[in-house]
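Note that the chains are named A, B, C and D in the order they appear, and that numbering of residues resets to 1 at the start of each chain.
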Amino acid sequence: MKDINFKTVFNDIFIELQPLENKGVAASYIPELAKIDPDKLGIHLVHVDKGNFYQGDSQERFSIQSISKVFSLTLAMRIIGSELWSRVGVEPSGTAFNSLIQLEVENGIPRNPFINAGAIVICDVLMSYLDNPKVDLLNFVRKIANNQNLQYNEKVAESEKLTSDRNKALIYLMRDFGNIHNDVDEVLDLYFYLCSIEMNCCELAHSFMFLVTGGVDLTSGEMIVNPSQAKRINAVMQLCGFYDEAGEFAFKVGLPGKSGVGGGIVALHPGKYAVAVWSPRLNKKGNSYMGMKVLELLTTKMEDSIF
Amino acid sequence: MKDINFKTVFNDIFIELQPLENKGVAASYIPELAKIDPDKLGIHLVHVDKGNFYQGDSQERFSIQSISKVFSLTLAMRIIGSELWSRVGVEPSGTAFNSLIQLEVENGIPRNPFINAGAIVICDVLMSYLDNPKVDLLNFVRKIANNQNLQYNEKVAESEKLTSDRNKALIYLMRDFGNIHNDVDEVLDLYFYLCSIEMNCCELAHSFMFLVTGGVDLTSGEMIVNPSQAKRINAVMQLCGFYDEAGEFAFKVGLPGKSGVGGGIVALHPGKYAVAVWSPRLNKKGNSYMGMKVLELLTTKMEDSIF
Amino acid sequence: MKDINFKTVFNDIFIELQPLENKGVAASYIPELAKIDPDKLGIHLVHVDKGNFYQGDSQERFSIQSISKVFSLTLAMRIIGSELWSRVGVEPSGTAFNSLIQLEVENGIPRNPFINAGAIVICDVLMSYLDNPKVDLLNFVRKIANNQNLQYNEKVAESEKLTSDRNKALIYLMRDFGNIHNDVDEVLDLYFYLCSIEMNCCELAHSFMFLVTGGVDLTSGEMIVNPSQAKRINAVMQLCGFYDEAGEFAFKVGLPGKSGVGGGIVALHPGKYAVAVWSPRLNKKGNSYMGMKVLELLTTKMEDSIF
Amino acid sequence: MKDINFKTVFNDIFIELQPLENKGVAASYIPELAKIDPDKLGIHLVHVDKGNFYQGDSQERFSIQSISKVFSLTLAMRIIGSELWSRVGVEPSGTAFNSLIQLEVENGIPRNPFINAGAIVICDVLMSYLDNPKVDLLNFVRKIANNQNLQYNEKVAESEKLTSDRNKALIYLMRDFGNIHNDVDEVLDLYFYLCSIEMNCCELAHSFMFLVTGGVDLTSGEMIVNPSQAKRINAVMQLCGFYDEAGEFAFKVGLPGKSGVGGGIVALHPGKYAVAVWSPRLNKKGNSYMGMKVLELLTTKMEDSIF
């Protein structure tokens, strides 16, 4: 990595992207997402040594959606460790052959913890072990984010339930294969609340720092997961964090990361930094159009990726 | 990475694995592969600073098979650059839905350059640009390996042709979609010769050093590919280098790499080292059973992976 | 058709089958089905001119299960006519690629009214048009069977609900595509009651006579469906009445028909007769092992099929 | 069947269809098919008792294409009888999941003898048993058609070879599964010649009369196949004769039949008549748009189908 001032790099990126058309369409399947200004753009980077760098709408909270599947995975790994991998795989899902097709062929074992089916199984695991799943899960996220202020957006969670037919199909198919152990509606309730967490880029970047440090919370010094688990979470993000665009992201950005349909993307360089970007317009694969561009420019200009 | 003596690590790994049953079956679909002693085990690591470390049958040549698909990809990227990506993708293939099914659904564009279909398309590209494809390709491999001694094994290549029905189905399906431009038999001929290259672990590890150094040949100082291309080849290896076990390899080993049906695996840590292992027995996904174990122990003991 | 005494033919068939092992396993996914003696065997044929012929356990009622999907289809065609075909197709489903996979690929439109998804859509249609769906549907079946005595088996219907995860996955997937208009639980409730109807071979054969006569109820003279509709129902039975064994049944028996997982099969020769057989052991495709054999011998001995 | 004068029915049908737009596009993947006037329309019906009826372009020869797959199937059944069914199935293929996908999943056994893969396997069987496959096959067709005048169109056959990549993919995939026993190019050569046979509607209807009569050649009295085999060929046509529109054809026309990409359709009513129509424009499923309409009107007006 060149010795670069990130602030300058962010400036350059924003200038370079300004003339570019912000393509894609923001998610609008629930009213709360449809209301957001689709042209918001923010970035925040936390470096282990060099501190914080940010630009644009980095202080505005948004729905982190699927990004929080990294938190639920982390919590499930803390609770049952490697037992988890009998319930969900670690392989990329392939693609068009996603969702129910692959799930049926593979007997109700989702390919990885980040596709919907996999994240639902993770919620089922949490339901089995947590006393107050919704409360405990939120507290865990607050803990690793060092932020007692984080909240579910109940409106978002409740809205999701109204368009939940596909997820119901997924969960009933998995229960048919014996891979769901709790009440279907309660599991989905937890899932929708999980996806409704809101953060801004700054909060998001900080909440992923434990994966930069090999599992350690920099503030408290507590070990969130052990170094081997941290590496494995990063590996799963690298392989499966971007729906059917994981290859593209690895190819162009070269960092493990996770995207959400709210337009957020978080990526991280183990040992160095975590970075969160937010821009609501999504490309055809469901990832933030501008977010991908920003991160591609970032690792290109810094000549630094994990590869 | 701990400051560890690799030699000691290798010793430890070999001792640790000794009582373990070497599971799996060596490839035997062609007589040349069936003849090999299935319990061979060798490893060779080249570190940019610390030099060479090896153990076991590291000086015995074997058929590197699909590992050489990294060489053909590299050569194709040198020749036509990013144009290549209109002919072949960079996404993991998914799985069981591999081969012809996905290829038919996705209109003859293979998911990545390492599945058979993708490597065949790469050979078709090489056919279009090289004067003497077989000679030029071998010379390129010799060049990056700094070894004029490397050879195709003609017996292996000719044997492959006798069991080439599946590959013929693939190439004709792709030609039906317009994604093959040269004579089908000539393209397959090049493909089979490519897969017949033989190396030992030492030669193999050295031949991948240009991907450790950001594209530079350490011996000659020549730039084989530019740094961005080197990173991208590594990213594609990480996502697609192990058939339907790429996630497993990323999860357990945490390095980009490529395996071959001859029992070889090469992996590398950008900026640090390349390592080649060889053990002919294959697990159910077609990757070396012991090779995977050795590499998992290696990165575990060294507490070092790219994640 | 030879001028044959059906009674003699039945005798011959039973003698011929006696030494044969009754292969297959009776359905046991709900307790009510598991209780049935798996070696029951009955047959009853009603000929338009020659009257009734029967043998074996033809007077014992059993769960007709999917056979009643012909009744629900008939009722739906009476109510909304050809409009129905925008909601469900008339093509065979193919096979292994059944259920959710095909349904997802084809946007929630089931291939035909006899696969589970299709029968559920038919129930959804009935829900939209009937005042008291469960009562009205049963009354319709009683009417075409000329038998006020027929009943749902509530125990069976309620048991089915306990193993309904796969059907729930199907209905939620279809609702996700907009092809379910009523409350999911109410639609499935109607579906399970539909499948729980019990008849004996005699009652079953009589209830299909309106499809032998071009739509006319022989007792009342009423037109249940018009001749064109009767032909079409027969055509759909021919093409789709035996899961992934429709071709086998057409090939060996050569009559339109419908089977149920309770071991019943009904078949008919337009203009001539309807015949019902019952034997609980099912072959691997889910059709009555002995039932198929009996009908194959019947049309072979009589040298008479629609082909 | 009403006592109707077919000539009058044909007149009525042609008048009724005149104002209708002839939709669809004629096949043009080979020059010989592209040259044909797409608005040709002919029909010829041969009744066992009432003789011949025809209208329109019924005397003009056209490429019968896939219709001749019924002849090759018939010849293969004569030669090896029921052994044939270990090489090819009798089930409808499903659909979109056609071609290579299903073939790969089902281990190289084509679903039925009328999809390309199945017809190619039939040609492979004929190659194994006939002395002069091309000559013997043509002579067999001439024999059942009672017409020494019939010919392959070599131009068509040779043109097909130039666009044969998909069929090559199919045959190599099947050979990979062990389901092709002869030289690939020779098998495909026979297949393309088979599909190049030319007939007019009159010749075509006559050549199918042995399937109306239970296997007997009306002219010579010779038994082409036994009655059981004739019924089975009819059953396979009913279930599989119209690609992914077999259900639609059974539903609307209600007769066993077979279509070809040249715009021909032949259908037959066992015991009564065979009818051939020709109109080159194809609907989206690859069947003659007008041909389907003509036959639907025919069985509707005559109130007569096998159902």
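Assorted remarks:
Methods note: contacts are C-beta pairs under 8 Å (C-beta built on N, C-alpha and C of every residue); 3 or more make two chains touch, one makes a residue touch a chain.
Owing to the predicted nature of the structure, the values given are computational and were not obtained by experimental measurement.
Fewest steps needed to get from chain A to chain D, stepping only to touching chains, is 2. Among the other chains, A has the CA centre that is most remote from the centre of chain D. Measuring from the averaged C-alpha position of chain C to that of chain D gives a distance of 31 Å.
Chain geometry summary: the mean Cα position of chain B and that of chain C are 55 Å apart.
Each chain gets a centre from the mean of its Cα atoms; for chain B and chain D, those two points are 49 Å apart. Residue positions 105 of chain B are each in touch with at least two other chains. Pairwise, the chains that touch each other are A-B, A-C, B-D, C-D.
Every residue of chain B that touches chain A in the complex is listed here, in rising order: 89-97, 102, 105-106, 111-112, 227-228, 230-232, 234-236, 238-240, 244-248, 250-251, 254, 256, 270, 300, 303, 305-307. Of all residues in chain B, those touching chain D in their complex are 99-101, 104-105, 165-166, 168-170, 172-173, 175-176.
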